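Here come two complexes built around chain A, the first alongside chain B, the second alongside chain C.
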Partner chain A sequence: MSDVFFTRADKLAARKVAGEIVILRADDSSLYVLNPVASAVWEAADGRTPLDAVVRDVICRDYDVDAETALRDATELLAALSAQGLLRTSDQPLPAADQAPPHGAGA
Partner chain B sequence: MQVPATVVVDVGDVPVALSTGDAALATVLQRRFHRFLTSSTAPAFHFDITVIPDEAAENADGDRDEDLQVRAEGGLWRLRRGDFRAEWDPETRRGWIRQRLSPYAADSVLRIVHTLLLSRARGFLLHASSVVRNGKAFLFTGPSGAGKTTIARLAPADAVVLTDEISYVRRVGGRYIAYGTPFAGELSDSGEPVSAPVAAVFGLAWAPDPSHERLAEAAAVQMLMRNILFFASDPALTGHLLETACDFAGAVPAFRLAFAPDARVWSTIS
Partner chain C sequence: MNALMQRVWDRALEERVPLSVQFDLTYRCNERCVHCYLDHDDHGEMTTAEVKGVLDQLASAGTLFLIFSGGELLLRKDLFELLGYARALGFDIKLKTNAILLGEREADRIRDLGIRSVQVSIYSHRPEIHDAITKVPGSLHRSLAAIRFLRARGLHVLIANVLMRQNAGDYPHVRALAAELGVDCTIDPTITPKMDGDTSILNLRIAEPQLLRVYTDKSLLGDPANEPPPPTDDEMLDALPCSAGHTACYISPYGDVFPCVQFPMPTGNLRGQRFGDVWHQSPQMNEVRAIRVRDLPTCSTCSFMTTCTRCPGLAYMEGNMKGPSSADCEKSTARARGLAAERT
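Here is the complex of A and B:
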């Protein structure tokens, strides 16, 4: 499987609230609350770290799950977040989104 | 020649002057905002209002039922709806309103101006009734029909209703303060022009017996964002708004409150 790189979409505001990422889309005011695993993926979305590295170094480290299952679930999660317009994916490294880090409000 | 009359409406300690040469509109505005009038000679913002006849409005501007549009263009905010047009320059703090003879256009412009101001001042307008009791403000939020007005009317005699429809909340000196507002529905009355620190916010639901449960912070943010008034799809303002909602949810306890329309509910609140 080739590397999958991912970064946050533009025009989102995001903030970490009690361990969960809350995302607000500026264009239609849709609000999303990510669970802790999805929040970990979101926080790792720097456009440079491939998904399998995030699964190995973050998810398998912090959660009791085998690498194969974690990668399958993370791939589905990435597809869902991309379909919602919250993340962008590519088989090449991506520039970081024009937004603030998850602890602040982004533009 | 008619001498312009100026009505200064103070909501949340922000006085906004409304000037008009139309004596009938001046009377309408004085009645609408009577509890919130101030004699301030240094209002924070000033609007000049021109009244246009219904027929002229129909001919010039089209659809009476046109939905509200709020746009930022060239440093100006432009507002339009079926019954008014308005423009506002945040730099000069002046603007104008062209509207039909009714209190609702100026009322709407004031709501929009306050939402835009509050978004940069760690505050918001919330679809909520708010009531002060024992020096603490309690907010009750939800969509139309959730019971906002009902719970305010059930409040004990020693309580003061800040509003039964639109709550005004702003962070002041490290605390969130709720202020009374004149923003009322067509069949309800203005709130009282007082303020108090917010002790709790409740999301309303109907049930035979009163009960409440604490919401997690993320759920509280969801509840707030569903009910905060916001009119502009401006990315920077949206970011400020989420920031404020998250900060508020971390500072003020939020609950889901199930209640039936009887006064027992206030024993669970206090």
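Here is the complex of A and C:
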């Protein structure tokens, strides 16, 4: 599988609230709350780190899951978040997102 | 509020996260609205660097919803620099403005920054009434032009229609105007004392017959439930009076932190203190947080308690944050009379 790079889409607001990433779209006020694994993927969305590295260095480190399963689930998650317009993906590194990594309390 | 949003607020409450903050960047204004509660002289607004420092702290504290207001925001020459900085920190941003300085270029920038909503004050559909309230000739025309600029760019706009004696009968026309413009509209009959405690502007509050009209207007409220209010129970008595100091607070242009824009109880100042220290450790903030409905000696036994929209900040301005707020007592009475009339 070729590398997949991903970054956060523009015109989103996001914050980590009590351990979960909360995302709000500016255009239609849609609200998303990511579970802890999806939150970890979101926080790693810097446009430079490929998905398999995020899976290896973050997901498999923090969760009891084998690499193959984790990569399959993360790939599905990436597709879902991209379909919702929350992430942009590419087979090449992407420019850094226009937002700093989400700060937040209760993480 | 949908279930997912309610869950976010509940989690924020559990973790004491200041999820929503109103941040007034200036009290200076280019209108002189007759009902305004602010002193428009500049007593030393925070600098660009100071505001950015506060935004950094709010982001770290978990604030997501940021309402920038004033005064008139567009009088700050660094407004768009601050908006860009705040967006880069991931805030969801709503602007409150009179919009008379908002042209096509400003509308473009607001769109490009991903601002979610812009609230514009409109007092009447009649220029002679609106402009007499703002004391700026031509202000209605300019505000409406700005709304059209924003809408042409697909931005969400909300008209805020504050009701007072001068414009109490105009709200149906303002709502029709909002519909024509494709924007939302809120009606609010609340006139608050000035922040220095001066109550002279309270005589602008709409009279009881006008208030009754508002509370019996089915187009505003829907069909009022033709039933008495639900009985008081322990869950209601243990409830919080409102979100002020729990998941929300207010920051003035001078760095003062209050529980809410309508609750001017000083709890700290960000020129000498860190936001997190004020939010978590201020004795005044913790005093506000400790109050439950059952601690309100008059209101907890009032027959309107379960339907009242009591504002603790207005009560505070009347001298006792655990007491009633007369404005809300009047609203509750009007609401009850409206319901009684509905049943007969």
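By definition in this document, the second predicted complex is superposed on the first by the 102 of 107 C-alpha atoms of A that agree within 3 Å, B and C clash if a C-alpha of one lies under 4 Å from a C-alpha of the other, contacts with A are read in each partner's own complex, and residues count from 1 in each chain.
Just so it is clear, a residue touches a chain if its C-beta (ideal position, glycine included) is under 8 Å from a C-beta of that chain, and two chains touch if they have at least 3 such contacts.
Note that the coordinates shown come from a computational prediction; the quantities given were computed from them, not determined experimentally.
In the superposition on chain A, A:33 makes contact with both chain B and chain C. In the superposition on chain A, contact of A:62 is made with neither chain B nor chain C. Of the two partner chains, neither chain B nor chain C is touched by A:76. Looking at the shared chain after the overlay, A:3 reaches neither chain B nor chain C.
Annotation for chain A, partner touching more residues between chain B and chain C: C.
In the superposition on chain A, contact of A:17 is made with both chain B and chain C. Common to the chain B-facing and chain C-facing surfaces of chain A are residues 11, 13-15, 17-18, 20, 22, 24, 26-27, 29, 31, 33, 100, 104-106. Those residues of chain A whose C-beta lies close enough to touch chain B in the complex are 11, 13-15, 17-18, 20, 22, 24, 26-29, 31, 33, 100, 104-107.
Residues of chain A that touch chain C in their complex: 10-18, 20, 22, 24, 26-27, 29, 31, 33, 98-100, 102-106. In the complex of the two chains, the chain B residues touching chain A come out as 216-219, 221-222, 225-226, 230, 233-236, 238-243, 246, 249-250. Residues of chain C that touch chain A in their complex: 2, 4-5, 7-8, 11-12, 14-15, 17, 19, 59-64, 87-93, 114-116, 154, 156.
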